[in-house]
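Note that the chains take the letters A, B, C and D in the order they are written out, and that residue 1 is the start of every chain.
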Amino acid sequence: MLPGLVFTESLPPLSDPAAAPGACAIAVATHSAETELPTAVAVELHGITKRFPGVVANHDIDITVQRGHVHAIVGENGAGKSTLMKTLYGMHKPDEGTITVNGKPVSFSSPADAIAVGIGMVHQHFMLADNLTVLENIVLGAEPTRGGVLDGRAARRKIREISDSYGLGIDPDVLVEELGVGDRQRVEICKVLFRGARILILDEPTAVLVPQEVDELFGNLRELKSEGLTVLFISHKLDEVLSVADEITVIRRGTTVQTVDPKSVTARQLAQLMVGSELPIPELRESTVTETAELVVENLTVRSTGGRAVVDDVSLVIHQGEIVGLAGVEGNGQAELVEAIMGMLPIESGRITLGGTDIGGWHTRERRENGVGYIPEDRQRHGLLLEAPLWENRILGHQTERPNVRGFWIDRGAAKKDTRRIVDEFDVRTPGITVPAASLSGGNQQKLIVGREMSGTPKVLIASHPTRGVDVGAQAAIWEHLRNARAAGLAVLLISADLDELIGMSDTLKVILRGRLVSEVDPRNVTSEELGAAMTGAGPVSSGEAS
Amino acid sequence: SSSKNNSSGGGGGGTGSTPAKKTVKVGLAYDVGGRGDKSFNDLAAAGLEKAKADLNIQTKELSAVQGESDQQKADRLTLLATAGYNPIVAIGFAYAGSLAKVAPKFPNIHFGIIDDNSSKLPNVEGLVFAENESSFLVGVAAAQATKKKNVGFIGGVQTPLIQKFQAGYAAGVKAVDPSIKVQVAYISQAPDFSGFNDPAKAKVIAEGMYDGGADVVYHAAGGSGSGLFQAAAAKKALAIGVDSDQYQTATADQKPYILTSALKGVDTAVDNFIKDDAAGKFKAGSVRFDLKAGGVGYATSNPIIDPYKAKIEDFKAKIIAGTITVPTTP
Amino acid sequence: MSIQNPLAPDATAGRTGPPGDLERTGRFGTAQFILIGLGGLILLSFVRAVTGASPLTAGGTVGATVALAVPIGLAGLGGLWSERSGVVNIGLEGMMILGTFFGADFAYFSHSPWMGILGGVLGGLIGGLVHAVATITFGVDQIVSGVAITILATGLARYLAGVFFTGQGGGGPTQSPSIPQFQALKVPGAESFFGKIEAHHWLVVSDVAGLLRGLTTTLTPFTILMILLFPLTWFLLWRTAFGLRLRSCGENPAAAESLGVPVYRMKYIAVMVSGVLAGLGGAFLADFAGIYREGQTGGRGFIGLAAMIFGNWRPGGLAAGAGLFGYTDAVQSRGQAKSVHALLLLVALLLVAVGGYLLWRRRLRPAIAGLVGAVLVFIWYSVTNDIPVEFVPYTPYIITLLVLAVASQRLRMPAADGIPWRKGQGS
Amino acid sequence: MRERLSRLLLNVFAAVIAAAFAAGITSIILAVRGDSPTFVISQMWTYGTTPSSELTILNSATVYYLSAIAVAIGFRMNLFNIGVDGQYRLAAMLAAAFGGAVSLPNGVRQVAIILVAMLVGASWAGLVALLKVTRGVSEVISTIMLNFIATGLIAYLMRPSILGRRSAVANDVTTTPIPKSGQVGGLDLIPKAGGKVYGLIVLAVIVGVLFHVVVNRTRFGFDLRATGQSASAAAASGVNVKKMIVATLLLSGACAGLVGMPALLGDSHAYSSITFQTGLGFTGIAIALLGRNNPVGIAFAAILWAFLDQSAQILDLNGIPKEIVQITQGVVVLSVVVAYELVRRWALAHQQRVVGGALAPPSDPAAATPAQVTA
């Protein structure tokens, strides 16, 4: 991308904004803390280098984090943020460099050492055991015991205390399996606080949260901050970062580029520092909506195994060339609706028609064969065979269609050729099409899926969180593909937790709450705050209330 | 036919450099378990040892493994044959099929096979036993010893061979008193041969039989039999052993309860076969070791059998005389 | 407060269990269990009275049930420990074989059954250690390792038996001499007291007496110790910090590692305990039989594995599975074809009960299936006097399969069970 | 292609390491007992490579191969078919009875017998599938139980009043022997072996090729592998997972049905509970995994296994306990898989290096590679 990048030392504060290409004037963070005692520095990472086979994930990183600050770290996918945080948390040893915590140099050989000096980490991917209760997940490794016996009462008391004082709202006795992502996120935070951590690492905690939940979380963070806790915070959502951080460090290609003050930089400038490109904006151009209804859902009801209506009498029409957005707090029936449309869940009542044909009794495969594309919410569980090569992943979901198969046989040659096409067209960064899907970074995995699902001119695309956890560059590419397909007449059902994406990319926007479609809003004149309110049932959106 | 006229010493045509003993190379192919199985194979080994007293014997003993194929058995016999062993004794009728394939390839080698008489080859001699007759006799003993008119039989694995024991035993019991109840149980079914090696199960079954009213139980269950003896000692009831005189090998606390054992002269058979062959008296076809030939019998080492001996001998005479024919199937 | 809870109905649905509970309990509480047990006893008593198959509830059957169930249960418990830590252990059979050999060996040469226990522990430990090294350190496929260990153990036991037992009165490569055994602890007077009541064949009363007679006259110290291992396991794994850590390795080792839990060490402990338990099962078998005999485990390790799955990877369920198996095995062993035939009536009645329950729960389709099954089994029962003897030894297997087919399966194995784990993998 | 070659070389390398390791361990055991390891190994090699041993090895391997393929079909879809043992025994018994009872023209008869065996094997495995998809019964339990139940069922069916025939002379009950017109002759592949290789070795080869083609080249095979790798992803891709479970178990069972055929049609011509080979299903599990569920790998594993079985025979003759080899077999299996694993790790790191290199770090670490999946 950008050759000749100038690596700079992050501390003392960089005084040469021109180091960043695109050279916009970026005010440099001023550290009042610097004048204070050295102990005001909670964490100092100096000269950290971490190599993996063939990859230098971190290179000569320097970061200083002030006590009581929320310190954000931003960078594109694979920039090395998580690697750095894992180093700080003792999950692996750095190849070079020193770590100083509270003024003392430390060397961790396991997370247990890091926990011992008061560091806690919330990982990018949940680190929870589904089949254990919240309490068990939280106390694990730091169990209160009485005579060797787990002291459930003490643990419960302490969890309730933490939960109450930070407003986490945690019920210790539920199975984690039963929790939605927001709750899981809070359990993760509680886990860290339970251990008495004074330095918190939060790796992309907001990726799966809706705005209200993000606000809640930020409320929690401020709460923590006021208690004197230090937070290291990673996110791809730059406006969030700007709103919550006291300081921001940008990492690019494994090294620190600059540390900036959020008050004096814009999201745009941050994006440029990160990737050297503009911040992409989700938006649709002229309407391409036609009169032809492609996918029609009428009075659809789906029941959970417990008998509750998780999708309750939902009706929905998607025309050719239309993107219908579906907004809702996670766990309100979106997943079930999608799975019912895909034929993965049995429906209780109602009709689903595709181009006028009732497909309610069809199997998933028939639906896919007849032009329904599917970008699943959980790409690793539903979208990929992680251990299979890319070209086999190209076949997945289209194993009865050309060019992947000819009659009964897999057409390897054609499938590989088409995989190469997708890799080129969708800019999937990979050394080849025979590497396993697991070896691609998340964003590239996503691009492969998007490319696959858009191959063979689908009529309908069900897109669940198509850009989740994907960096700004990849996001722009995916949006562009969606726009093009829409122009070609594709009918899209878009589900996303990113409200800006929903608002920007939808022709029609509906809100789902407790399995019911509660309102329809006009994406052209709704703000994400209003939409968020509608999603929580706090009030209908005034504008564009339609049925 | 072949009886106890042992060739004492070198016999005719002694090639021996040794003055008295003739040198023979005997190959033994055991069934699963091999030497040391404290059962059938060990009896064969004992026969071999007996023969050693009179002959200068070089032996090679190979044993089968659980779940092997016929071809592996054939290879074992071939191995012995090509290594120059002659005669070769196959222990157990499981070798019948493989012997039929191997023997014709070595017409100059003499083969003996225990428990099978299906071969018509000129160089194979089948050595079979009238287990039903010995079982009949211990049945007669059991019928006299029972006070509750209730006796039991435990078979290891339900196969025609073991059913022969069952048939003879039941017939013996009924011959004395038809009103006596005979409880019958098998531990497992072929090809699940675990029944020959599950003393725990035999113990449970035996306890069940004793609790169910039996006071004498006979087993034909190989290595599982020790479970029966334990149960008998615990319940202070009687048990009957099989193949060898199990009174001799039982522990002191079990001995008083081992009424007798049905003897199967595998040792005698092997001994005779080797000696006869050395004496140039190999005869193709088959030899039946029955009561008449003294190849089977019952043990009398525990004195508690004494009061019942008269009747047993009585029946024995009748069987030998042919006035009683003992059934072979239940 | 969180906004998530009121919004996501899923989050709070299906919550059960009292607050004092660390993990969700099953659908039944203690009271229900007692009720079911009582109902079962009455049913059994009724069937016994109708069919006259007294072995169904005889005191001796209790002793036999325990004796037959314990080795299976211990193997299953071994499987449970191992799999709760995420390591599949199909080598239980092999570890059990080592347990039979070492148990007998130690008991024989020390003249003490107590040393037999130690032998079982050691024998099993060897097997467990090999499995642990192979699967945890080297990340070998857990099934292959298990199969290999069983092969290895068979060879080793035979080899060592040849070395140790040859020349010892009655011993050899395939069996040991008679070994000293534990004697049953008999409560004085119980035998005759309960025995008398039992002999009357009164409905329920005699059956209870039979049960009590079995419990008071047939259990050895070894049996009691082994039975105690079940609650002990439950306590250790579900009530202590150690247990939580161990189970977390089977659910999500990455999470465990990220909280400083030494995953390798926990897995090592679990797999070694697993071997020890299977070894104890073997030693128990040798003690009960009073002898080591090659092949005496007879697939009990595999049945233990099945019992563990039957019990949904929990000690209580496992005990129920092993108990069911041991009971049917005891009944078929002691009562043979007649008692097994009587079991048909029991099965028919149980199906009626299950069908009725389902009907009450308005689950029509399965209810009807259950009732139709009941009628079919009843017809089978009434038109025959016996069941083919060839099937008798296999009754426990058939019954177990039937129970599984009828009971709906909500099995939940540890989430990371069988997946090789490497340190730092989750980072 | 170069990639494939290097993978092949790696596996060969792994096998060599493993063999050396196993030989080492065995040597230690032997040395402790006072036997010379070199003597033992050379004895085993000499005997194992005689023509007659080669014949037995090839024949045993044929049977092992079929069993292992039956197991591997299940493994490819994450189904653990421990039930091959019961399936093949029941299939062999019923097919033998069928073959002895019907009279069909030569050629047709053999095919019919084989089809019956496949059908029986598939039905017995179908029971497992039925229990799994309708009642959720774990196939591990049901196959263990059904193996035992098959024994009871066979014993029942082998009653002389049903399908068995009590031999007048031998202590055996068999099915009616299949006449010449229903047998499959042997092949004279090994000169001076004093016997013939099972004619049905051809069948094993066909099964291996079919396995490879179906699993790797067809839509069905793709669905099967996809389900094995990730049931959730397969379901989302339109695979009917329940149907796949049924189909896979039926196929596995049908293949298990073939296990008894080479010996039945080429050797014993009748089924006997007492002499028909048992335990092949379990050997199949070890061999399938040793061969990494790959048709070529399994062939090598089967031959290795058969070689060890056969060459061990000679040890008895030299007064060395044969069970040493059982220990060796266990060690071989373990060391082979350990070596595979070590090589796999090495290859993974190597691949990471290659991928990392291809993406020319540090200019773009974003797309670099690690193959480990984060939890």
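Following the convention adopted for this analysis, a residue touches a chain if its C-beta (ideal position, glycine included) is under 8 Å from a C-beta of that chain, and two chains touch if they have at least 3 such contacts.
If you're wondering where the values come from, they're calculated on a predicted model, not measured in any experiment.
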| item | value |
| --- | --- |
| Interface with more contacting C-beta pairs, comparing B-D to A-C | A-C |
| Whole-Å gap separating chain B and chain C, where each centre is the average of the chain's CA atoms | 38 |
| Inter-chain centre distance, chain A versus chain C - centres from mean C-alpha coordinates, in Å | 45 |
| Chain A-chain B separation of Cα centroids, rounded to whole Å | 77 |
| Overlap residues in chain B, where contacts from two or more other chains coincide | 66, 158, 188-189 |
| Junction residues of chain A - those touching two or more other chains | 127 |
| Touching two or more other chains - residues of chain C | 162, 173, 252, 254-255, 299, 390, 393-394, 426-427 |
| Pairs of chains, among all present, that meet the touch criterion | A-C, A-D, B-C, B-D, C-D |
| For the chain C and chain B complex, residues of the former touching the latter | 55, 58, 60-61, 63-64, 67-68, 71, 162, 166, 169-175, 178, 285, 288-291, 293-296, 298-299, 329-330, 333-336, 389-390, 392-394 |
| Partner chain C, residues of chain A touching it in the complex | 86, 89, 91-92, 110-113, 115, 121, 123, 127-133, 135-137, 139-143, 145, 148-150, 152-153, 156, 167-171, 173-175, 178-180, 182-183, 186, 191, 212-213, 216, 304, 306, 308, 310, 329-332, 513-515, 536-537 |
| In the complex with chain B, residue positions of chain D that touch it | 52-53, 55-56, 59-60, 63, 89, 148, 151-152, 154-155, 166-167, 169-173, 194-195, 263, 267-268, 273-280, 309-310, 313-314, 316-317, 322 |
| Touching residues on chain B, where the partner in the complex is chain D | 60-63, 65-72, 75-76, 78-79, 83, 93-94, 96-97, 101, 105, 115-118, 158-161, 164, 188-192, 329 |
| Residues of chain D defined as touching chain C within the complex | 80, 82, 131, 135-138, 140-142, 144-146, 148-149, 151-153, 155-156, 159, 282, 285-286, 289-290, 321, 323-327, 329-331, 333-334, 337-338, 341-342, 345, 372, 374-375 |
